[in-house]
Amino acid sequence: MQIDHQVKVGVLGATGTVGQRFISLLSTHPFFIVAALGASERSAGKPYSKAVNWKQTVPIPSAVRELVVYPCIPEHFTECAVVFSGLDADVAGDIEAAFREAELAVFSNAKSFRRDPHVPLIVPLVNPSHLSIIPQQRAVHSPPLKKGFIVTNANCSTTGVVVPLAVLEKSFGPLESCIITTMQAISGAGYPGVPSLDILDNIVPYISGEEEKIEWETLKILGGVAETDDGKKAFDMHAKHPLRISASCNRVPVVDGHTECVSVRFARRPPPSPQQVREALTAYASDAYTLGCPSAPRHTVFVHEEPDRPQPRLDRDYQQGAGVSVGRVRQCRVFDIKFVVLSNNVCIGAATSSIINAELAIARGVIQV
Amino acid sequence: MQIDHQVKVGVLGATGTVGQRFISLLSTHPFFIVAALGASERSAGKPYSKAVNWKQTVPIPSAVRELVVYPCIPEHFTECAVVFSGLDADVAGDIEAAFREAELAVFSNAKSFRRDPHVPLIVPLVNPSHLSIIPQQRAVHSPPLKKGFIVTNANCSTTGVVVPLAVLEKSFGPLESCIITTMQAISGAGYPGVPSLDILDNIVPYISGEEEKIEWETLKILGGVAETDDGKKAFDMHAKHPLRISASCNRVPVVDGHTECVSVRFARRPPPSPQQVREALTAYASDAYTLGCPSAPRHTVFVHEEPDRPQPRLDRDYQQGAGVSVGRVRQCRVFDIKFVVLSNNVCIGAATSSIINAELAIARGVIQV
Amino acid sequence: MQIDHQVKVGVLGATGTVGQRFISLLSTHPFFIVAALGASERSAGKPYSKAVNWKQTVPIPSAVRELVVYPCIPEHFTECAVVFSGLDADVAGDIEAAFREAELAVFSNAKSFRRDPHVPLIVPLVNPSHLSIIPQQRAVHSPPLKKGFIVTNANCSTTGVVVPLAVLEKSFGPLESCIITTMQAISGAGYPGVPSLDILDNIVPYISGEEEKIEWETLKILGGVAETDDGKKAFDMHAKHPLRISASCNRVPVVDGHTECVSVRFARRPPPSPQQVREALTAYASDAYTLGCPSAPRHTVFVHEEPDRPQPRLDRDYQQGAGVSVGRVRQCRVFDIKFVVLSNNVCIGAATSSIINAELAIARGVIQV
Amino acid sequence: MQIDHQVKVGVLGATGTVGQRFISLLSTHPFFIVAALGASERSAGKPYSKAVNWKQTVPIPSAVRELVVYPCIPEHFTECAVVFSGLDADVAGDIEAAFREAELAVFSNAKSFRRDPHVPLIVPLVNPSHLSIIPQQRAVHSPPLKKGFIVTNANCSTTGVVVPLAVLEKSFGPLESCIITTMQAISGAGYPGVPSLDILDNIVPYISGEEEKIEWETLKILGGVAETDDGKKAFDMHAKHPLRISASCNRVPVVDGHTECVSVRFARRPPPSPQQVREALTAYASDAYTLGCPSAPRHTVFVHEEPDRPQPRLDRDYQQGAGVSVGRVRQCRVFDIKFVVLSNNVCIGAATSSIINAELAIARGVIQV
């Protein structure tokens, strides 16, 4: 992948937590350049530095400080080859649909379209092949679209776990059962998000809707794209090999980084050994990296040998938070293998995934730049 | 159970974390009265208030402040009907054995004797019937003992989970599989214990030896006491119905209270519904409470209906930390039922269990007072 | 003080953080009994257990669970000899005024009337004598009131520091200068209050309006009630001996308990020694305790000798959080004496103060029960 | 400053907290290259990756992973133009003295030589002119040294506060009084350092020896180098304008970054306004930056305008932690001006200062490279 010119992008929900992260990441991107910002009416018309309550650990990029914020209307974004959406779920659906209708390429963090049968749900280190649904997504639109489409990325806790699960399936055949317990960072809930009185010296063993997301999204991501009799494409939801997934989600007093304890059972007997699993995870190279996507991590999965890793504070920023870390790969007395996975929920679990997805769409010619 | 006179007790490891908790709890006990304190040579000879680095949230009980600390030698404890041990594992074995040999009744928090085939491992809300091994424990000693014995209580993370598991087995027959992920408080590691740099804004997905303890101790506790052909008694380790248990243990930034996410599969089909499980847990009354043990909680298991409970900060002190709290009882997509259990690791998970065990031993006549 | 019958009380803002604390504290009070609850229209008409998002570490008192919540209108509280207000500042002013007008005795945590020249601002361990303004408060009302009045208690951070300052002035004469730096718990901001992303692994060196409250309220509390030429009473704001106070307020990741570092300079030379200060603080007995107010702490100020105390987690619950803890009394290289004071912001810093103030009003005959 | 070749450096105490930070920082340095590592006998002989319990958030630099650790004996460091010492205070004195005697240039974080009348105590953004004492340090050694010397940097909490104090004195003349309250991060205590049970949901209002360090070191740093009658140089400890400093030090649950609340009184009347102070702080350029030291921050002091900044989590990594952040510059009701200062205790408060000091020594020709 070799892009020698700047590619203009827009950011929707630019003042929110995910929007701020988009802006931070894009400020050092080799070819994406932020050309338009969208936010609510309350922010519209203000320079970005006045509209935002900036909460990142780096200063506002100077190229964006004075950019005037627009309302989230497509006409302000027509120059943009790519539009990233960090919109809240309650408004994302209508706005993103309008942008698609206006022939814009939308890469969304919101959940609104994840279950849409024509919208791919892409974890960029796992299933970029699902981009193949996009022609159909355009075709079923009325009137049919030439350029517009929506790609979503997965929920942050899904993203973390689905990466090693995908590698395991690619290496050792289908999984049969998977039990997951998450310990999720407060930043996953946005700002103001979790009240401090709920989480200091505490755990909240519940995150609304989160377990269902992991259980459903994982099947869409790990499943294939089937061709139906009438030539249509459809996500098969891992149908050929039913996979049962059970998730328990917890909020913990950690700023960034979701930690997940996972036990899996393989369909194939005998199952792989822990050492074989470690080697497969280490060896895996994502298409995104192979294709030269500049935001893709060199190591999709880093496998820790020390017994007490990965830890969110020490490991979440490895590779700018773009890969996932796995540790404690060992036998499970009930299933076959158990391990711990850590992913940076605000990077690979959110904005970084959207950015790599856009890079992939360019690399694969879905977007012409 | 009706004791009208004071019963003198000793505390070994009195200056340590568990020892301090024993002393706090015993200061308001209806009949136990602390008569002797044992600690390392470094503390011996000092008044307790000078020997201890007191870290409890209540002041040192006035009755104990000036008590002189002894070395952990039985001769200083001969008056004591009961000796509680909060000793560290590295010294507990020899000292507790010496106390037993000196015909003292030892109730230990240490792991040293938990795997001993003649020492009962008793979670007082679950398996007080295991006290029946004590005559044999005395008999196999050389020379046979008249009064001395050792009773251990379980590891703190085992204690929390084994209570609801026991109720489920009593209500719905044997369990077949159980996957547990723990989120354990820092106080479980004693003092100084976990360095703050390891746990602030962090999780450590590993606690040395902890997973093995849960997986092994649960079988001893939930199992029965079998009679062998030669009339000997033996713990059967749940042998009649093999139970597979897999635990993943994590340290989290919570001061007190272990939270555990549990998924279980029953042998019997169809399995109970979540509502049946809730009712069984709520209805369970421990023998310890029925027998009138003053430290036993009125409600062994409190079942929360709110989706976001139990939480350690809000629920750990319910019933002075003597019961366990269960919440989120729901169907598991892989096994049958999943739920969250919270137990106060420094109360029912440690000192409170030893104290109730001693109350049970008195109630059942194993100790004459 | 000897009250042999129940005294009915009402709680305004009953579902809020301070309201919940009132209800917890009153559930074990020897003579106050909660008879009426007031909250916003949204809660009105519901049983308390349905209206409240209960966040206390003890269960909802059973006597209150099913009490129906009223809107905050005086007619529902006519039976109440005392009304406690935990209302938010934005609504407290009008509601409390209406209750006073309806001849009710209001004890408020809100800031609305603290600067009113006829409303006493009473820290019960310090200046109960300011109750003497109440006849005038009733008289200036139009039409004059027979029974109604408002008493406020101080801001939580003011309360902590003003207790030792008052003792120092009573013992060693007026203070001349005082520099205070606070480290305040998150519970001081109510619920949801401080977002966790703002305070986990962080400090916020600013609390809106807080420094001005400490600097102003301290003068009203430590000052006297002067008689003017026309026989009117007026708070003198410490006018006879000008006292300069400078406060810097910080929010820290502590659940409960405000810690404050204080340096003081006395007017009198030579100033007292640290040992004299320690002795004076220890010896001080509040009028509230002497008069037998049941919620007054036995020890107004507990003085720690260990160099690393008081600490919020270990010391905030001493005496049910009703006293204050002082430590590190030592010489200051710039002023005379410096020390650390800890107070429980949700107890003596809030609801406990209102309750003792009501007890004092009864003890002094301001309220007839 | 223009160095076109590599300059070999050694790190003493390489496996400790400060040593790890030296190694991280030096791995990206433009001309320093780590050539030798020293640690205790226990580590000696092992490759660094095996000797260290690495706790940084970046991986071990590959250039250092396999470097064999030496005992702290000068003969292994003879190639090094500069030796950085992160040794613990209990061993630093003898080892650093031996290295100086062996004609090595030692830049130390330890406190051992800070009070030595011939050793400069240099905060590189403040008083590099104190390097002028080094010829005398060499001369008084027996036998006199040609190249060897020791430079120390200040305690981490001193460093943070002394930077703005120095700017204020340079801009507005001598200070007369200064009261400081610190809220210090746990990383300041090293590893394992502060037990988590002492600091989670807590504050410890005491750090052994810390207040004395701030009160003494500040005078040495802000003072000048006087010429005595016999031509000797001596640190004047700010003698011409006596400056009274009082510090109160607290440990808070923050990973990195010391926050300090400061009130100052100037000798000159009238004192500067807050706006003048802000402008002076912003305008200040350190000699280290002007001389081109590559690790010196472009902005010595960043002045925040928002009322709630600086905050440790958001601001500690600004300029790689090499500058200091000041906020809330406002009038003090007791003194003249008060403000909040934040410094990254593990960067400018420790290793970064030593590195800039070494760069300064090269820039000024004290070391020939």
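For reference, chains read A, B, C and D in written order, and residue numbers begin at 1 within each chain.
The rule is short, and it goes like this: a residue touches a chain if its C-beta (ideal position, glycine included) is under 8 Å from a C-beta of that chain, and two chains touch if they have at least 3 such contacts.
The model shown is predicted, which means the values in this text are computed figures rather than measured ones.
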{"item": "B-C or C-D - the one linked by more C-beta pairs in contact", "value": "C-D"}
{"item": "Mean-CA-position distance for chain C and chain A (Å)", "value": "49"}
{"item": "Chain centre separation in whole Å, for chain D relative to chain C (CA means)", "value": "43"}
{"item": "For chain B paired with chain C, centre-to-centre distance based on mean C-alpha positions, whole Å", "value": "41"}
{"item": "Per-residue multi-chain contacts in chain D, two or more chains", "value": "55, 198, 200-201, 253-255, 313-314"}
{"item": "Touch-based graph of the chains, sorted into line, ring, star, complete or other", "value": "complete"}
{"item": "Chain D - residues contacting chain C, complex", "value": "177-179, 181, 183, 198, 200-206, 208, 215, 244-246, 248, 250, 252-255, 259, 261, 263, 307-314, 327-328, 332-335, 338, 340"}
{"item": "Chain D to chain A touching residues, read off their complex", "value": "55-59, 200-201, 255, 313-315, 317-318"}
{"item": "Contact set on chain C toward chain A in their complex", "value": "55, 186-187, 191-201, 253-255"}
